[in-house]
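First the structure, then my questions, so here it is.
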Amino acid sequence: MYYFDKRLQYPVRVDSPDPVYARMLQQAIGGVEGEIRVCMQYFFQAWGNRAPTTKYRDMLLHTATEEIGHIEMLATAVAMNLENAPTKVQEAGAADAIVGAVMGGENPRHIAEGMLHKHLLSSGMAAFPGNADGVPFDMNHIYASGNIAADMYCNVAAEATGRTLAVRLSNATNDPGMKDMWSFLIARDTMHQQQWLAVIEELGGKEGTLPIPNSFPQEKERTEYSYAFFATAGDGSAPPAGRWTSGPSLDGKGAFSVFKNKPMGEEPVLGPARPDSGAESQQIG
Amino acid sequence: MYYFDKRLQYPVRVDSPDPVYARMLQQAIGGVEGEIRVCMQYFFQAWGNRAPTTKYRDMLLHTATEEIGHIEMLATAVAMNLENAPTKVQEAGAADAIVGAVMGGENPRHIAEGMLHKHLLSSGMAAFPGNADGVPFDMNHIYASGNIAADMYCNVAAEATGRTLAVRLSNATNDPGMKDMWSFLIARDTMHQQQWLAVIEELGGKEGTLPIPNSFPQEKERTEYSYAFFATAGDGSAPPAGRWTSGPSLDGKGAFSVFKNKPMGEEPVLGPARPDSGAESQQIG
Amino acid sequence: MYYFDKRLQYPVRVDSPDPVYARMLQQAIGGVEGEIRVCMQYFFQAWGNRAPTTKYRDMLLHTATEEIGHIEMLATAVAMNLENAPTKVQEAGAADAIVGAVMGGENPRHIAEGMLHKHLLSSGMAAFPGNADGVPFDMNHIYASGNIAADMYCNVAAEATGRTLAVRLSNATNDPGMKDMWSFLIARDTMHQQQWLAVIEELGGKEGTLPIPNSFPQEKERTEYSYAFFATAGDGSAPPAGRWTSGPSLDGKGAFSVFKNKPMGEEPVLGPARPDSGAESQQIG
Amino acid sequence: MYYFDKRLQYPVRVDSPDPVYARMLQQAIGGVEGEIRVCMQYFFQAWGNRAPTTKYRDMLLHTATEEIGHIEMLATAVAMNLENAPTKVQEAGAADAIVGAVMGGENPRHIAEGMLHKHLLSSGMAAFPGNADGVPFDMNHIYASGNIAADMYCNVAAEATGRTLAVRLSNATNDPGMKDMWSFLIARDTMHQQQWLAVIEELGGKEGTLPIPNSFPQEKERTEYSYAFFATAGDGSAPPAGRWTSGPSLDGKGAFSVFKNKPMGEEPVLGPARPDSGAESQQIG
Amino acid sequence: MYYFDKRLQYPVRVDSPDPVYARMLQQAIGGVEGEIRVCMQYFFQAWGNRAPTTKYRDMLLHTATEEIGHIEMLATAVAMNLENAPTKVQEAGAADAIVGAVMGGENPRHIAEGMLHKHLLSSGMAAFPGNADGVPFDMNHIYASGNIAADMYCNVAAEATGRTLAVRLSNATNDPGMKDMWSFLIARDTMHQQQWLAVIEELGGKEGTLPIPNSFPQEKERTEYSYAFFATAGDGSAPPAGRWTSGPSLDGKGAFSVFKNKPMGEEPVLGPARPDSGAESQQIG
Amino acid sequence: MYYFDKRLQYPVRVDSPDPVYARMLQQAIGGVEGEIRVCMQYFFQAWGNRAPTTKYRDMLLHTATEEIGHIEMLATAVAMNLENAPTKVQEAGAADAIVGAVMGGENPRHIAEGMLHKHLLSSGMAAFPGNADGVPFDMNHIYASGNIAADMYCNVAAEATGRTLAVRLSNATNDPGMKDMWSFLIARDTMHQQQWLAVIEELGGKEGTLPIPNSFPQEKERTEYSYAFFATAGDGSAPPAGRWTSGPSLDGKGAFSVFKNKPMGEEPVLGPARPDSGAESQQIG
């Protein structure tokens, strides 16, 4: 079960409220690279964890719980950036436009157009669980496969795209308060990338975990294709050489090669449609 | 641009058509772990690739193109498993049920209930781009971040969950034709896991790529939190020791530690609602 | 604006309530081939109609309004099929199972498994606006393009897939009441297919409407490719001859031919990633 | 920020694991009536709360935090019900079927058909954030409008449908452990219905909060229509009398009446399509 | 069944067409607070109504039918605001920009950026069933639970968020025609809030309807938790006192209290993964 | 199976990169009228084709394969239009704004607001599989019904809305490179409209294919309603005369007429709610 502290994990300060930046921040809340995704992903991995030990469940709960606090920080930042946002699409006449430009201010209409309409119309100038284009977060993005190595790579993927987004959001603003918030959240993403890869290390690294799942006997797969790069260029040209075209495989169980892809099967011929299947009569044999 | 051969990449054979297994196979077509996902992911990564070399674009095109053939194989397998599927929900009387059981056959009603209704009603006994519960594939699952290391980990995650699914589907059937198809597809997933990790190796491994993105100067992050495991247990208890709680970090740039999480910020106080914002009058300061 | 009559457009009678058939009927309410789709499509086409005459707006309103009554009929049929549906997943022991089979009745557990869980748990044994697999209807399927000929073909497509579904649902049941309902709804789909094609005829048929939109001057398109079938077989083999490979085009403005597809462009080379774009440093030129 | 305790809020015990019941439980996790919805709804209402006092933010955080523990309980219950679930769709012959029936056990194929395929194939026999038909939770269901009275009614609606679902799930099982879990969760839903209505009371009840939002001056609305029931029967018949057809309105600001609806506007005539708008030439005036 | 009148329920007039406002209006058509939602919600509640009387079915049909006319009004308003909208993203040079500003007009490029791209590209300058950010309406938002009290609170929630949106949209414009339209629609939302609450009153008010559903015997719930506010602050601090922390409950069946939340369950330990489940071998006990 | 050529099907050239146009182009990639839709639709129709001949499977594969190359061209065009796009939302002061206007350049903030946030934050300045408002493509839009005539009309509908979109996108730009690309893609849409209608011709035209499906015996439908236009005006007024109100039907099997719609059914009365169904006690008979 869970507890809260009404204080934030790390200070959130906005020096110059900017409703367009509020919109961008939504990507870090409800985008596929965002915090709701990692929070829910770690929770569902924890709650369904079937390893013989509860060690990984415990670790996942520590970090999932940390992530709620990150959503909270970002939601607070969105609301703060929406202070003073316009609620009206004014029909700014020429005079206003010129004055606005000269004043260094901005046309309310212009700003209202850059805002997310969900902020303007639905949320009362606060955050919501969707991305920077207003698309609601969809829980299909939560990966909890029941295979711990697969899940760890899903988590690395989430934190790698998450830190990439965080860096972009930090680069996109000049606001010192926002930059400070990102210096903390980017550091946490650094750690989380490490953390999930460290689980892989603890499980034996590439040799100990690959191929995932490692509980399927490899003699049941067509191993002549297990370490072969399939080349599919129409002119049969070889692909550029890389770590994956020759040399030992990363799991120590094979050697890379290149295979020029070709059809090994035949043209499939399905049975004709049946009389009662709603097909056109011309399709019914 | 692209070409086709009307023959299949690898033979697809169904010895005992089974509409319930057809349903399961849909997960490998249009599930989040399925082939449409990797096909589209690799294509969009290729088409948007901005590395100074076209080497990675080229490699991604080889494999994305291979994946179309995998969707084709699975779609063929679905249609073959739906041969002879019932189109009617019969009101099977007692006699039929008993006979059916004794005959080793099955009640048409029973089978119709286990089928995916999309197969029964919408697709004319053929595959469609959705998962085993009938949920259509949603392209939000396509990761192409513009950061090649992040993308590679997304690809490993996709192939790790993909091979896990493939193993489950192979385990779930006794049909020799289907088992043979899986022996090929599982081998390809083995290679694809290797392939994306090999790109990471080529880029310098963990030290050369982490933290992702490695183009953000780490002095801009609060590095005192970059390698610290945040413990969030309410009773302050330490987490179980692991590779991630002490010792050198995996990128060689720090050392793991444990930090007992605590609020560093204050309770946030947002401004009151404004008169024209549609709030309740009690909220307007 | 709109009015209602509390009576149904056509009688709905269910002789043997069947919760599994209730599930199937949902496809005709909230499936992509269903009645909500056509109802909303015709309404939005009517409300946005910009033809110089209001004739088409008027016609669309007649039929959109008719369709509300069809949703109502189907929703009523769903509720009637759910009368007596089980609310409990009983742990039926062996004795019950045998008795059930002999009695010609069915195991409550078995039935509960074939029901849509939305019916069992969310709707109180009534219809809801989703399909036979429980996927909610998504309004992206509403086509109202602002081009009347495009819209008419969208409507034919909707009624063609709609009547195909209706025929499958009629074929799937032995219930006389349900069969009677379908004899009416299938007739209406027959008319609606005719109706939209009749608009095309009135607008001048294929010659008067193609290519859609016919307001774009064809000299602005590369007309050497406008009536050419592009052959993309990897071995360069010709496609099977058909109405579309030779002879006059259907709009009377060209002649069909076959073109062996080949790349006319070059390999695209995108600029390298920029320093502040969150890419990996290896990608930054 | 947040903390966890690895123990559950209330004991979760499953006496007879049942994978079909595991499926049903998903509705209470990721259905529109489920716990993810209320948890996220209360958090986003708290984080965006703009009342002059932080009292409501504080209250919302207490309850949102409580709800995480409910999701955890249900996810645990799902995993426990999936213990021993089949991983294989066996082709059970006649003998097996008969034996199965006599043994009081069940055909593995039968069970596998009733399971959620997401459980069988994607989650490794654990819970995931979607509903009982496998549809992922969609965050559009989170209501946080910025109007506290509107939000409270949204919360009552969520807890009313939530408790209705909980009662159905309790009724659907005979498992004593599951019944005990529901006796707790149903009690919590009772309280939460009370809690949000109590906020309305504290804000002045119906007279103090209606119409929502109460910050819009009612003289700006056409008040002759503000308390009139619009009758839309095609034959002009009056609606059945009810509390809403006569007598004082509930906000004490008007009196109910019945208005026979009629068109007050004209047939709308939109301008013709413009030449460059992609319309058909017949539409361009 | 249903009828139409080609005239609008209430006049729709746009004095100064504004494509950015057209975008905002979409929220009232296809947003979660919009008219499609209430229309469909009332229809599905009516069509599935199981109360012993048809009185509520009848009432719901009156209002659902009224709502179609509201969608029609708003769709008309969208199309009227899109008259004269730009179809081209011009590369406005400096001269144009200055001239535009001085003329009091606006840069076509600027306007095109504020428009919804669905309007610009897909709908031919007309309304579509999605919200102000272009997200299509998703029918999961339709609540029809089979419990009439729950449904009434869902309806109040819909009309409360709906009127809040309407007030925001009225506040956002200076167009007299649009303001007049809103004065009517806001009045209708006022009535509809009243109407659904009046049903609750008729059913016996809070005492007669709570807890919802009132058909579940309360002795089956753990009533010691049914009126207790659970405090989850990590430091054990009491929540602010409110109507919900002490005093009689609103249903007259209990008294409010505060309960300091604590784990009553144990740490859950799930069984290990099974050999054939696609888990990593390290997880298999 | 499939092959690729790394060169593009047709040259893609962008003379003046424009991030706002990049956004528009997304509609042609991942909009409902876009290229992913037709590509996937033709593939799934091919893979599930059950006509006695493989001729249509073959034809569909030619064109589906062609369409991959179109997605590739458009994805390349998006990336090229995003070259030089801003990554920062600068707080442009008055001086900058004036200078920007005079210079004929544009304010970075202004441009950033018109960009799709997915481009700015998620894709690293490249295309993604979603539309111009950032909504991801949803595979429910793929029509493959198992009825070849229905599918052909679905394809005509797709190419008609597709060419309408292409024309709008060509009209929206002044960039010569982009105009040239569209001159090719518009020509291909012209052909594809022809191609699918030519299949209908080959199958016997309207008389040979209608009503779809033509395998359902028409004596089973209520043919008195099969060619009747249902008039639903509340005042009973006749609809405007059209090709669909009198004269022979298009399939040569009937004659059009007008039928004044009226209720033929009764008011439906559903059974009361059952005690264990979670209804309110007032609903339980």
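Every chain is named by a letter (A, B, C, D, E and F) in the order it is written, and numbering of its residues begins at 1.
In the analysis below, a contact is a pair of C-beta atoms (placed from the backbone, for glycine too) under 8 Å apart; a residue touches a chain by one contact, two chains touch by 3 or more.
In this text the structure is predicted, and so the values were computed from the model without any measurement.
If you take chain C and chain D together, the chains in touch with both are A, B, E, F. Chain centre most remote from that of chain A: C (centre = mean of CA atoms).
In this assembly, E is the chain whose CA centroid lies farthest from the centroid of chain B. Interface comparison, B-E versus A-F: the higher count of C-beta contacts falls to A-F. Repeating the C-D interface, with the same residue numbers in over half of the contact pairs, is the pair B-D out of B-F, D-E or B-D. Centre-to-centre separation between chain B and chain C, using Cα means, comes to 28 Å. Note on chain placement: the centre of chain A and the centre of chain C lie 32 Å apart, centres being C-alpha means. Centre-to-centre spacing of chain C and chain F amounts to 12 Å, using the average Cα coordinate of each chain. Among all residues of chain D, those that touch two or more other chains are 1-9, 32-33, 48-50, 54, 58, 61-62, 65-66, 69, 76, 79, 87-88, 101, 110, 113, 122, 124-126, 133-136, 138, 140, 145-147, 149-150, 164-165, 167-168, 171, 212-213, 215-216, 232-234, 261, 263, 267, 270-271, 273, 276-279. Chain contacts here are complete: no pair of chains fails to touch. Every residue of chain B that touches chain D in the complex is listed here, in rising order: 16, 18, 20-21, 23-24, 27, 31-33, 101-104, 110, 113-114, 131-135, 164-165, 168-169, 171-174, 232-235, 261-263, 267, 269-273, 275, 277-285.
On chain C, the positions that touch chain F within their shared complex are 3, 5-12, 32-33, 55, 58-59, 61-63, 65-66, 69, 73, 76, 79-80, 83, 87-88, 124-126, 135, 138, 140-141, 143, 145-147, 149-150, 153-154, 156-157, 160-161, 163-164, 167, 170, 183-184, 186-191, 193-195, 197-199, 201-202, 206, 210-213, 215-216, 218, 220-234, 239-240, 242-244, 249-251, 256, 261, 263-268, 270-271, 273-274, 276-279. On chain F, the positions that touch chain D within their shared complex are 164-165, 167-168, 171, 234, 276-278. Those residues of chain A whose C-beta lies close enough to touch chain E in the complex are 1-6, 48-52, 54, 87-91, 93-95, 97-98, 101, 109-110, 112-113, 116-118, 120-122, 124, 133-136, 145-150, 203-204, 208-209, 212-216.
Against chain F, in their complex, chain B makes its touches with residues 1-9, 30, 36, 40, 43-44, 47-50, 54, 57-58, 61-62, 64-66, 68-69, 71-72, 75-76, 79, 122-130, 136-140, 142, 144-147.
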